[in-house]
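One structure coming up, written as structure tokens, with questions to follow.
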Amino acid sequence: MALRIGVIGTGMIGTDHIRRITQVLSGAEIAAVTDANLDLAKQVAQDLPDTEVFGDGHDLIGSGQVDAVLVTSWGPTHEEFVLAAIASGKPVFCEKPLATTAEACRRIIAAEVSAGCRFVQVGFMRRYDAAYRQLKAVIDSGVIGAPLMYYSAHRNPDVPSTYTSEMAVVDTAVHDFDVARWLLGEELGAIRVLPAKQNSLGGGLKDPLLMVVETESGVLVNVETSVNIRYGYDIRGEVVGESGAVALADRNQVDLRHAGLRSGGVPADWRERFAVAFDTEFQEWIDTIASGSEPVGPSSWDGYAATVVCDAGVRSLATSERVPIVLGDKPALYRN
Amino acid sequence: MALRIGVIGTGMIGTDHIRRITQVLSGAEIAAVTDANLDLAKQVAQDLPDTEVFGDGHDLIGSGQVDAVLVTSWGPTHEEFVLAAIASGKPVFCEKPLATTAEACRRIIAAEVSAGCRFVQVGFMRRYDAAYRQLKAVIDSGVIGAPLMYYSAHRNPDVPSTYTSEMAVVDTAVHDFDVARWLLGEELGAIRVLPAKQNSLGGGLKDPLLMVVETESGVLVNVETSVNIRYGYDIRGEVVGESGAVALADRNQVDLRHAGLRSGGVPADWRERFAVAFDTEFQEWIDTIASGSEPVGPSSWDGYAATVVCDAGVRSLATSERVPIVLGDKPALYRN
Amino acid sequence: MALRIGVIGTGMIGTDHIRRITQVLSGAEIAAVTDANLDLAKQVAQDLPDTEVFGDGHDLIGSGQVDAVLVTSWGPTHEEFVLAAIASGKPVFCEKPLATTAEACRRIIAAEVSAGCRFVQVGFMRRYDAAYRQLKAVIDSGVIGAPLMYYSAHRNPDVPSTYTSEMAVVDTAVHDFDVARWLLGEELGAIRVLPAKQNSLGGGLKDPLLMVVETESGVLVNVETSVNIRYGYDIRGEVVGESGAVALADRNQVDLRHAGLRSGGVPADWRERFAVAFDTEFQEWIDTIASGSEPVGPSSWDGYAATVVCDAGVRSLATSERVPIVLGDKPALYRN
Amino acid sequence: MALRIGVIGTGMIGTDHIRRITQVLSGAEIAAVTDANLDLAKQVAQDLPDTEVFGDGHDLIGSGQVDAVLVTSWGPTHEEFVLAAIASGKPVFCEKPLATTAEACRRIIAAEVSAGCRFVQVGFMRRYDAAYRQLKAVIDSGVIGAPLMYYSAHRNPDVPSTYTSEMAVVDTAVHDFDVARWLLGEELGAIRVLPAKQNSLGGGLKDPLLMVVETESGVLVNVETSVNIRYGYDIRGEVVGESGAVALADRNQVDLRHAGLRSGGVPADWRERFAVAFDTEFQEWIDTIASGSEPVGPSSWDGYAATVVCDAGVRSLATSERVPIVLGDKPALYRN
């Protein structure tokens, strides 16, 4: 039996996930959709077999035709739908952010803790990328000794005119924060955001930014965001350990020798770079949920931690001062 | 509606494709299975929902529950099942070889030509590998000028004790032959097989082999098979053109710096190297068949050409003499 | 006529330069040597043809047999010998540091300015490394746009037990500071030194260190020193520009495929990494001096700037606070 | 005392070696020059201190002012000057070819054998290249097991209009033949030269060529010459062993990321690729000769073997047939 998924939010990211579930992956189908723009939801449903359109996310969550919920609506609405899914006892996959404030995240955590089990998975898809997974495997093997520094660079060819300097922290670096927590297996303790010399191609944005983050044990995490760098979408990562170092490799499929150069391609955008990671993320989620298990991917706690780090980062962006990151105790539900 | 596939042959490769179709890909289901060992087929069917076990491949092909046929049985049986599928007007995906003799391949071609459309796709999965596809895209772009030479190396860590020197041509190099034909867009005209100094780890096999193949237009194709090379599964390819060259890139996910070395992994085996290519091959086939179109992947003609080249290669292996490759005219059905 | 060089200081670095000048390069000879330990100087002279031993650096500088002076004595003595050479009107190559205090450096600068021409070259040999030169050429070509960030990593397998945390700034990172000034073509304006999680292999040293340096125009320069990293001597550098990035390439001579890995060597130490740069540095100096020109390599100003940056770095190391770097006006002699 | 070298032949290659000896290397000087065009020799001598011009190579060889001889004259004159140097008991460095016929080479060998010691070194400079040396070190270490195949590719951007197809064997591939003999430590036994599809940029030359060479023990050596490939001067080499493989690494100094590509430079020509190897070759020769030892570099036997292999290659070029290579017994003087 295919897992019957209900999708709340049929915008760009929602329809991409619908395409993934129906045309690429196995084991799930789109049973229901809704959107703040109902016409959009209806249009999406037309191309799908047996998909019901609901007027509202709460009705969709409550439907007996829906086994699991995918939240891809506007960020400020995430909290209410995630809480509703938890209340209905249904697994919910929520695209980042889990919620737009730390308080909202804490309410979600409280609901899960009170229910006594995990329902929520947050869409930090880098943890599903084969290269990041191998990076983590090398760290965990101990071959480079204890990690001491981590360099993360997030380079984007360009951004829309609506992009603000704060978004470099909240929308861009948030992935670097999450992957740092996951790779290093510990929480972040403080952040300082330093603007580099301003890129004249960035229309007044503070870009690039260098974020110097400290983990609880003292590992320095260096996050660069360069969001107008034109040359490609280039995601870099290197962990410096006590006796070795390990980095994401470059990813060109072919080496071309032409006109005095040996060259390989750099990915054009996040779709090219992370398409397979998105597929893996969803297939593993479907397989886990379909087997009746709790989700094992990024948790509400991970979503909360990301939000707290981003809040601190935004504060530091204004002053370049070091801002502590305070999470409070981690409930037992999220340990291990 | 999912495409209902019937599988003839539930051995290692058959069950792997069943896993792929049911657990990885979308749009198809396993409606029927059979195997020379019926107990094996029954066992496989037990883990699948609604899969019927047939006592015989011909019954399976004839069943109204089967939309398309997957032939993964023992090579000598391929011809009869492929012919039966064509006779039933059903699309058939046949693992290589299409048939074990050139005559058998010609009979399949005759059946398709007589039917006036393509039913058969042959399992040359390298054409679905992202790196090979980019290699072909670069060649076709003209940036390196006309191709003049192609180096292909097929290196395997080891082979079972049942592997013979002829299998280096027929089972191993056959993929290099197919990919050379596809990359260069022309037929092979002659082959000479030269044993190199014998690998002492190969138990008496003629290994490695160097095969010097000429295309019809004079491109030299250099195929190396090294099937006991221990260090990994290493598939190499470089096209030398008039003014440039392009090669498959190395594929490590991470770069490790440790103990005086910078290193990256080499794939361990063909599963690691080509897992995604197999997925892509089947998903594209499913999508094409489900849309009601003729298959567009490797055709009966491609299967036939591979068999003729292998026959010539085996003859040359015995003498190291140059052996011409004679295919005859290509029916219009396979041109385009 | 060979350039007659007098060497003050025949310790490890002095004898290595003597070997270089006599056995590797052309156009110069060792006319005179002296050392605080006169027996050592005599021993070194024994293996050289026609080399006079002087009891004192000032006598050596004054000798009519000496065309140019090489100062490789203990750091605190550099100032007096460099000043003496300037007073004698003789070119002097001084290993780093130019002098141990900023005041001493300013006295050297004043002497040169007063003389109206350059006599001094300081031993910042990275500017002579082919890879750094190509890095600079790419920046200067404009292809990556204006530089915005520069990552420099200085990784050493280990250090002697006499090495202190301050030496990571003064002896190790000093090369990164100089190369940053040279690559970017501007002065450094402030520095902040942040200890990372402490390497347990480093016997209590603050190691690794991350130094965040700001240039006058706002480029962020990130200098990592990891001096106990065991895996090799690894000098890294990447300039991030407005529309591209350029980095020092890895330097293995061969690619080995063995036991599941593709690997290349990392240099073992600075001799292996920079041997050719030292040769080039001295050959160019000899050629320039022999032709009667003023030296064109790193100047007294460069030596002074390095000392000021190091002083600021040492202060920041104690507090992790941002420390401004104040150089004062650059005399016209050093502009160009 | 500097080694006093007399140079016979002051054309392009001769003057380049004179520049190297006088301006780059240490321990030698140009004491004498001559050339078939005496005016040219006089002009070259004008820029050198204390260099005598001789009217004739034999006079130069006989001069008491000359310790060692460098033969860079026209190929057909090599034999007489090398024989004269041997007769005078003077070390002689002879650019390739040692002589233009196998018979002439044998006369040189006979003269050396009769004298009982080596005087001659032949200019196969690849043996002095750091990457080739490391390739040989890896082979000799045994880490890849016994070598079974060797791929050598010699790619040139273009050639002058006077270049003939035979020169691809005699002038170009001759370096690949020598390096194969040296890397593998054994003689070549047969050769077959196969023209690939003809490069339309090559003005009618048979280009590229694939030469399949067998060593005495059966190692297959694959030599590609592509002399009009435009993209750069690309020297490739990979040894395939029983359990591993090792290849010359690519040589870019920097990695540039720009416009969707990550790229590094390919050498433009042999000067860029082998400049350091030429320096090393001459410095080691000077040091050896100056110390009073016999030369240890490529010997008369190596020069002879190269000529015999080239003769066989030229014969095979005409027919594409396999041509045996017969050297006869190697005198004891040249063993080890």
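Every chain is named by a letter (A, B, C and D) in the order it is written, and numbering of its residues begins at 1.
The criterion applied here is as follows: a contact is a pair of C-beta atoms (placed from the backbone, for glycine too) under 8 Å apart; a residue touches a chain by one contact, two chains touch by 3 or more.
As the structure is a prediction and not an experimental result, all values here were calculated from the model.
In terms of the distance between Cα centroids, chain D is separated most widely from A.
Taking A-C and B-C together, the chain pair joined by more C-beta contacts is A-C. As a whole-number value, the distance joining the C-alpha centres of chain A and chain B reads 38 Å. Chain B and chain C have centres, each the mean of its CA atoms, that are 58 Å apart.
Once the centre of each chain is set as its mean CA position, chain A and chain C turn out to be 44 Å apart. Contacts with at least two other chains are made by residues 230-231, 234, 243-245, 252, 257-259, 264-265 of chain D. Taken as a graph of touching chains, this assembly is complete, with every chain in contact with every other.
Listing the residues of chain A that touch chain B in their complex gives 1, 21-27, 49, 130-131, 134-135, 138, 143-144, 243-249, 252-259, 264-265, 276, 283, 287. Those residues of chain B whose C-beta lies close enough to touch chain D in the complex are 145-149, 151, 155, 194-201, 208, 210, 212, 215, 217-220, 222, 224, 226, 228-231, 234, 240-245. Those residues of chain B that touch chain C in the complex are listed here as 230-232, 234, 250, 252, 257-266, 268.
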